[in-house]
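See the structures that follow.
Two complexes follow with chain A in common, the first pairing it with chain B and the second with chain C.
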Partner chain A sequence: MMAQAVNQPMSQTAMRGKLNSAELNAGQRLAVKYFSVAIILFGAQILFGLLAGLQYLMPEFLYNVLDFNVNRMVHINAMIVWMLYGFIGSVYWLVEDESGTELVGAKLANLAFWVLTAAVTVVVIVYLLVQTGPGEQKSLWLINEGREYIEAPRWADFGIVAVVLVFFYNVAATFMKGRWSGISGVLVLDLIALAGLYLAGMFYSPNISMDQYWWWWVIHMWVEATWEVLVGCIMAWGLIKTLGARRKIVTTWLYIEVALMFGSGILGLGHHYFWIGTPEYWLSIGGFFSALEPIPLVAMVVHAVYDSGVHRFKNSNHPALAWLIAHAFGNFFGAGVWGFMHTLPQINLYTHGTQWSASHGHLAFFGAYATINIAMFYIAIQKWRGDVFMGAGIRHAWRWKWALALLNIGVVGMTVALLVSGYEQSFVERALQGSTWAGYFEAQRGEWFVQGMFWRQIFGYVTAAGTLLLVWDLITIGKGETRPAEKPTEHQAQAQAA
Partner chain B sequence: MSKTPWWADENVWRKTAIWVTALMLVALILLTFDSVAKITAGSDRVPAYSVINHRIYYKMDNDRNMQVPVIGGQAPLFGTVLSEEQAQAMVSKGKMTVQAKNCMNCHTLLGNGAYYAPDLTKAWLDQGWGAEAVREQLMVNFLLDPEANARGYGTTRKMPDLDITEEEARAIIAFLKWMSAIDTNGFPRNFKPIAQEGE
Partner chain C sequence: MTDPVEAQQIMLATMAGALVVMFGAIYAALFAWSRLRKRPAWMPAAYLAYLCLAVATIVLARSLHLSGFWSTVVFVMLFGYLLAPHAIWHLCVGTHESAHKTADTDSRNPLNGGQTNE
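Let's turn to the complex of A and B:
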């Protein structure tokens, strides 16, 4: 249905309430393609997460068919890739608006989209059907690299780099042709770092310490630094669009966030260097700087809530603003509070590599990144349907509200359940049993551990229900709506404050 | 409209963002030069690959308040003393197999990975292998047929059959033995190793 809509003729421009790509600029037409694939991969993430979660409760389930390592790999890879698709889509969505000019090289960008999507499809099929290979280089080049989060085989790495270069060229060249702004300046510099860092994960070393040292450059510098700044840019733009927030205020906040985020996050990398063979000074450096990492996230909450309050929550897109607020709080709690809880080496010594990390990972990735991508999906669908009304009193509003509620309850429920299991595991396996294999399994058998895993699965189903409802809502919201979108206006109070 | 105070000024924060980022980046790069030298195989913290020719012990270091690895006398893996090059080739084969078999999406290595199966950091020294004399053979048997030799300790969880060859199994064990000699700043805390000769 969506694919057909892309080809609708220009004559339907005036038809509000129907998907109409003539409403979109070239960057936005590309963005909705990225968003569509992102949603499919989001579904895959949830599906394979449920399978992996079930295997904790029923280890015989799909044993030797679709083993835990395969399900878990697809679960986390689908997540990383749908988030990247969401980010690329978001940037393409805003680039023409922000630069005030047409996208440079739309054809090349379109080709890159199809190349990337074909590559992702092949990688996933190989993950599922071939799964593992012999202990030779060719397995790492063709099947999977066996390195958590960046398992994609080496051939795909080169494809990803090529596509990211096209993306970067398009975005940077468009801003160069048009106008620069604070948001676009930060965005382009951040994209250079984001793309460059991926190279740190593209080599083989027999030395596991060296391997993990550079592997963390990719993982940490993405999710705890460059991705955070990227969503900071998207948030800044989103607040201008939905609330009508003043650009000067938003940009100043963005600079503050960049200073705090990179100020804490770059050396915060050290909290991954406690136990991998790296020198002891990382215990102090990593502990100190990672303890500061929540501060920019507090700034983001203050910023989002303050701006919303100043505008009395008057906005052009209720679901999008709700998800932007969910992002601010989710990022703070998931990345900030849950990360801080076990970032000091004295605590991390017992929690590193337990379900604590899983608890933190679930809330952080959802809170920081899933939420803001979903907000962008709502901004996109509003315009794609002919810039329709999406304020109070929208039809079937229960769908987006329940999707929001179920997804948040589901993820928070999983997070708390995993934390209970994590506590039990760190006490029993680590503190009491000295981390032997017998100690590991004693913890895994423990009643509280098993209960945590059970409730994680229940809340996984809640999350899945929320995802289905979200997809249904995104497909149907604004359908047949004839009222035009409310335009955000600068609130008087804010003008006075400024 | 009153003048914007300096702490709310856009330009002040733009410059701050640039300087803070640059400063942190320079600090990270300098630290990286030092760390990379200290984790190169053959350094004090990350041993040479030929450590697999030796017995590996852990002892409490009261100054550092943590257990530290101690390299003991000759105890060649599978009874064969290897040169540094041969040892590196074997450990590398093991590491590559660990990657190709996607071990990290069930196990953790140095605490990183998935949490469905035990940490492998000190798997070589785990008490679960019983006696030192039978450890190597038990490990080979387990890797070749993990289902028949399942070690679930009262759970029904077991490792799948990953088509590991005997050569790969031996290489994995070499990699695990080498990894167990890395100085991990006392992680995991309070680890209780297998009883070994000479302790």
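Let's turn to the complex of A and C:
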């Protein structure tokens, strides 16, 4: 025993700077798999986004080979799925650490990963190869369900729910076997909602208003409720690990944020019900609760300023913390500013479904979700490389800094460019031409629209360059590094506060 | 409530909406910064940001043709945004103080085996 205790630090030192899966627990080894697929899908999202963007500028490009509707569908579906992979991976990464016990049902979890990955691969192949032909019951089950953003055929829907239930079992059973905390309690309850809400997207109704009514439950409630809470849990755990923030404070704030987010976000759903044929009272409900949605963000601003003063941002993983900060700003601007800009019905009448929505979507999804997943990738790679030093003065730091800069500049540039195009659509197509078919085309021929699309494409290339650099950095960061990470502790945080 | 904004005012209304959230955040940040660093001189800047928030809100409300009940809602919400940073600040101080007190108590309590994460 003594020899083991003495040898362990030596072996740890020898392995530092190399990828060492033996140092990871079962949940973390599984998380690495999820993160790897997430990065591949992130690449697919960028690639198909570039193709779809190019088709706005050159409509003949890949016509009848890889049509715009397919590129756009793969672009958006890849985004949703890579984010889900990132979230699931993040939860598997933290579950053993947070519960203090081994992952329950690790074999089942591994099986679920391979089933999900195989299903995603088949769905993407079908998206790319089989998208023309008659729309009938068989095509709903095997090819495309037809609901925007969640086009996966019905067989895949059942698979997704089954995999999420396995995920729920792994996480809940592990916490039940180990110890509970505020973070784990919120997380487990949120996973029930995550799996349950997806069922709302599986109803079938020939009435398009009813269909859209339930479909928005998945889209809105996932993105503006359950995902936000899931990210809140990951962020809470990430702040404890990177800044040494006090658990009790983080947990208390998690409860406050969850209450504020659910309080405003659930009925904020109404802003999607303005124009789908639902009763008129949704205009008032949606408008009112959408106006409340920035409150959690204002709360975050006060708390972030308070905490930055207390902790002074001393941390053990600079890239991860930088991406957590990018998350705070991105969430505020993407979801808060860009969301509130056009969420009230008097304005949304002109803007919904134009590039204005795409502008908001790009910044909000990147700011609120992509950033935190990338932060988790950096937390994971630090541990996988043997808990190496990733603070100030790390070798090749320019890579992660430039990846951060290029990705943020690229996405912000696309957001602004899309806003220009969206404004022209709102003005010409909606306000002047009254949403006519002729107005739709006239707006898309307009000079401002075309210029906006051109600059969106340029900034798309910047984003792609940032993604390549990010992948290169994730593969190489910490390689050959022999210095150990300085772990922040609550005690250190207390000392800093003093 | 639902008369659409005039075509000429789409830009004005959307920018006012964006500025409501921006000035709300600037007000909150300056307020918190002033309290944190104990620099009361920053507080007028915070309230100036709030004033800008109020102006942006009124411009937004006018361009959206809000009147009657909805005007009252706007003023109640504006008042709420004035108080929100104060309330959140008290929560920050309260949660941090309570956490430190708990930590002190835990460190003195020999029965605390650290079995839970709380």
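The rule is short, and it goes like this: the second predicted complex is superposed on the first by the 463 of 498 C-alpha atoms of A that agree within 3 Å, B and C clash if a C-alpha of one lies under 4 Å from a C-alpha of the other, contacts with A are read in each partner's own complex, and residues count from 1 in each chain.
Criterion: a residue touches a chain if its C-beta (ideal position, glycine included) is under 8 Å from a C-beta of that chain, and two chains touch if they have at least 3 such contacts.
Because the structure is a prediction, the values reported are computed rather than measured.
By the touch criterion defined above, A:415 lies against neither chain B nor chain C after alignment on the C-alpha atoms of chain A.
By the document's definition of touching, of the two partners only chain B reaches A:435; chain C does not. With both structures placed on the common chain, the touch criterion links A:295 to chain C but leaves chain B unconnected. Shared-chain residue A:426: touches chain C; no touch with chain B. Judged by the touch definition given at the top, the superposed model places A:344 against chain C, while chain B stays out of reach.
Once chain A of one complex is fitted onto chain A of the other, the partner contacts of A:69 are limited to chain B, with no touch recorded for chain C. With both complexes superposed, B is the one of chain B and chain C in contact with more chain A residues. Of the two partner chains, neither chain B nor chain C is touched by A:316. By the touch criterion defined above, A:252 reaches both chain B and chain C.
Shared-chain residue A:373: touches no atom of chain B or chain C. 182, 248, 251-252, 256, 280, 283, 349-350, 431 are the residues of chain A that lie in the contact sets of both chain B and chain C, per the superposition on chain A.
Looking at the complex, you find that chain A touches chain C at residues 98, 100, 179-184, 246-249, 251-253, 256, 280, 283-284, 287-288, 291-292, 294-295, 297-299, 301-303, 305-306, 309-310, 332, 336-338, 340-347, 349-351, 423, 426-427, 431-432, 490, 494, 497. Chain B makes touch with chain A in their complex at residues 1, 8-10, 13-14, 16-17, 20-21, 24-25, 27-28, 31-32, 34-36, 38-41, 45-46, 49, 64, 88, 91-106, 108-116, 118-119, 122-123, 126-128, 147, 151-158, 160-163, 165, 168, 171-172, 175, 179, 182-192. Residues 1-5, 7, 10-11, 13-15, 17-18, 20-22, 24-25, 28-29, 31-33, 36-37, 60, 63-65, 73, 77, 81, 84-85, 88-89, 91-92, 95-96, 98-100, 102-103, 115-118 of chain C touch chain A in their complex. Within the complex formed with chain B, the residues of chain A that make contact are 52, 55-56, 59-60, 63-64, 67-70, 72-73, 131-137, 139-140, 143-148, 151, 182, 186, 204-213, 248, 251-252, 255-256, 258-259, 262-263, 266-267, 269, 272-283, 285, 349-350, 352-355, 357-358, 425, 430-431, 433-438, 440-442, 444-445, 498.
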